[in-house]
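Have a look at the structure below before the remarks.
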Amino acid sequence: MTAAPLLEIQGLRKEFGGLVAVAGVDFTVMAGQIKALIGPNGAGKTTIFNMISGVLAPSAGRVLFEGKPLPVARPHAVAGRGIARTFQLVRLFGDMTVLENVLVGCHRRGRAGWLSCALRSRAMRREERRLRQRAWDVLGLVGLEARAGLPAAAVPYGEQRLVEVARALAMGPRLLLLDEPGAGLNAAEKERLAALIERIRAAGTTVLLVDHHMDLVMDLSDEVLVLSYGQKLAEGPPAAVRRNPEVIAAYLGEEAA
Amino acid sequence: MSAGRRVILLVAAAVLVAGIGGLVRSSYVLGILIFIALNAIAAFGLSLVMGFAGQVSLGQAAFYAIGAYVSGVLTASYGWNGWAALAVAVLAGGVTALLIGFPIFRLSGLLLAMATLGFGIIVYYVLVNWSGVTGGPSGLTGIPPLSLGAFRFDTDARMLWLSWGCLLLLLGLGGNLVDSRIGRALRAVRGSESAAAAAGIDTARLKLGVFALAGASTALAGSLYAHYLAFINPSPFGFAFSVELVVMVVLGGAGSLWGGLLGAAAVVLLVEALRSALPLLSLSHGAAEYEIVVFGLLLMAVMILAPGGLTAPGRRVA
Amino acid sequence: MSFEAQLAQYLASGLVVGGVYALIGLGFVIVYRVTRIINFAQGEFVMLGALLMVTGRHLGLPTAAAFVLAVAVVAVVGALLERVGVHPIRRAEATAALIVTIGASIAIRGTALAVWGTDPYALDAFSPGPPLRVLGASVVRQGFWVLAVAALVFAGLWVFFTRTYAGSAVTACAVNPRGARLMGIRVERMWLLAFALSGGLGAAAGAVIAPITYATYDMGLMLGLKGFVAAVLGGLVSPVGAIAGGFLLGLLESLSAGLLSSGYKDAVAFVVLILLLLAQVAGWTPWRVAEET
């Protein structure tokens, strides 16, 4: 039984002036998977993310989501199709509370326009209650209810990461792109994160992540794709990739165990 | 500021204004307060544009003019009902902002600012040259006051109530907006535009919406201005007024609900203070140029030393 | 006058005023290339140059000395603006600097009003004599001075930018500030130099146009804006573009005033500006002005 892939990357290529960041990459992500993109710095991982999420326009190739091409260079439209992402360096709205940050993730789930918001119509108030409840639920999922009222900038970095994940989850995405979610976390925080990602997958969201931390990636992912200098080096289950001699030479060989 | 505290403040202000209108007889004082309200309404939208859309509009006086002239022409030349004309004027301001905003918001910040400058000057030229409709340089006279049945807003006290009533209403609605889903989206765009877009917010449309709101609110101020003075001509609607509005917003603090009001009050009071203090210095040319110099230096000083203005001391721009 | 003669007249006056716009536009371009800032006070530099020229002549200085003095003083004013107003906020967004330069332009204008008053001042042409006839057009002598000064300035700047170390350093900063810094160029000094240069350029433009148009305290705003349009016509980063843009704008203005109506003369520049910006939005221009990369 071959199901259609959730995400299809076809011949994706990105050049910046003379520099080829992504040199024609193909891969798919199946629904319900946790897939990881790994590779040395500069391999093109975040660039691929940026092309999927609409931040960058590809020089060539395309991205299909649920069988249909994604809008190019329009991040909010890509988000509207059901793809959420986090960023390598956390981008929270510093002067808003943790809860409000997550509420921004609920933006598309609301409909109240300028007029009803200005007038605080009954429909708007009802919607606001519903959105707040949803934000609370998501905060519960990541375990941060206790932080809800704090300014986002005041929360420790590891938890800021989780707030960003919560904000992405609040969108109710079918695909979640996590860009270096483990960066800057200690061992305990990484375990908490891995458990969270498993819960996210169990709840029905497909996860594509980019990360450097081998322990996190190998234990968590169903499939791993190794990139080097913008090209696909290997793809497959973690155990197989780990044994691939090219991969070891290019990447794993430089890492301590 | 929480919603509750805001409502209390607005109600208290309303009571205060009602009292002042009833008790104060000085035309001079009432006039100053009216101008503070009118300028605050005009600056309100600009404060949102500069604070949330992160853009500078150097042509905001054009919307003031649109509000004043649409109201003025419809009531004085065509005998329209004042409120209907006001509604059309506000709509005209908003729609014009949408129409010009749509192309120019795709420009970067500096060019957008210059485009708004160009727009403002072109509107000024139209006012001066389209004499058939606008009365040209001599302007439009005989603009009737607004009225509710037999109650005419034709005294200073009544215009005080009307202008401040509109201002407080605008601040109330604005406060609702800031606390709502749209307000959150605006604050998100200000915090990190890329993250806001990733969360599904159409940042371009939001910025355009803020610009339209600014056009509408400035037009409202212009419309009230026309009914207050009963006479308008192009000269107050030039580039100098656009700059004055920017000064108000910068001084009061962009992106804050109260910034426009604080800035308007500060500027109006500053001008009055300068006018009364400067004749004491015997100089050959009078006070006008010192006003200008002080404004220029004030603008520079605020941008360099306290870019957040009065509402956010020490907050850096970048 | 025959139509050809009239046309020649319009072309001639268009070229003269175009030369002034070109000088002013160059000032914008030099500052923008190095600092990515639009210096709103550029027009006021022009005004100061004109009025200082007037004062210099009133004090009995010969034309050349007054000219040099005006240019030097305004160059210092430009440098002062950079130190006091622009340097402190160099890390903020460009619109913040724009607002600061707007404030500076207001302050400078107010100061000029205090010093010189509202009256327009007449200035003798740099060389006496009746207008000269060229191809059917009658051109005042000062018109030739405008073009001569402009040509000299363009040539001087070309030599400066291509043949001197300082000039190359300025260009380097314009192209790649970080790289320039790594090569040992003090970028902050280059900002200062750019503002001083633009001050001098503005003053030259003002000093040379004053005998034709009179000098008043409020001549700066319109001239500055038109010079800006000239710069935008050239994409805001190209000196040659600004020069071409200046002459083009001058000709457009002159022709439309002559052939259509003189009432809207000043509006031509703004209509051109709006059209240019709209063209950029539509993607019809070969350049993208002031885009953040």
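When the chains are written out, they are named A, B and C in that same order, and each has its own residue count from 1.
Basically, a residue touches a chain if its C-beta (ideal position, glycine included) is under 8 Å from a C-beta of that chain, and two chains touch if they have at least 3 such contacts.
Computed from a predicted model, the values in this text were never measured in an experiment.
Asks: Centre-to-centre on C-alpha atoms, which chain is most distant from subunit B?
Replies: Measuring from the centre of subunit B, the most distant chain centre belongs to A.
Asks: Which chain has the mean of its C-alpha atoms lying nearest to the mean of all protein C-alpha atoms shown?
Replies: Per-chain C-alpha centroids ranked by distance to the global centroid put B first.
Asks: CA centre of subunit A versus CA centre of subunit B: separation in Å?
Replies: Measuring from centre to centre gives 42 Å for this pair.
Asks: Averaging over Cα atoms per chain, report the distance between subunit B and subunit C in Å.
Replies: Whole-Å distance between the two chain centres: 32.
Asks: Averaging over Cα atoms per chain, report the distance between subunit A and subunit C in Å.
Replies: 51
Asks: Which residues, counting only subunit C, touch subunit B once they are in their complex?
Replies: 38, 84-85, 88-89, 91-96, 98-100, 102-111, 113-114, 117-118, 221, 225, 228, 232, 263-264, 266-267, 270-271, 273-274, 277-278, 280-282, 289-292
Asks: List the residues on subunit B that touch subunit A in their complex, please.
Replies: My answer: residues 173-174, 176-177, 180-185, 187-188, 190-192, 194-203, 209, 213.
Asks: What does subunit A use to touch subunit B in their complex?
Replies: Those in contact with subunit B are residues 53-55, 75-76, 79-80, 84-85, 87, 91-96, 100, 103-105, 107-108, 110, 112-114, 117-120, 124, 127-128, 131, 167-168, 171.
Asks: For a test of understanding, state which residues of subunit B touch subunit C in their complex under the given definition.
Replies: 54-56, 58, 103-104, 106-111, 113-115, 117-119, 121-122, 125, 129, 239, 243, 246, 250, 283-285, 288-300, 303-304, 307, 316-318
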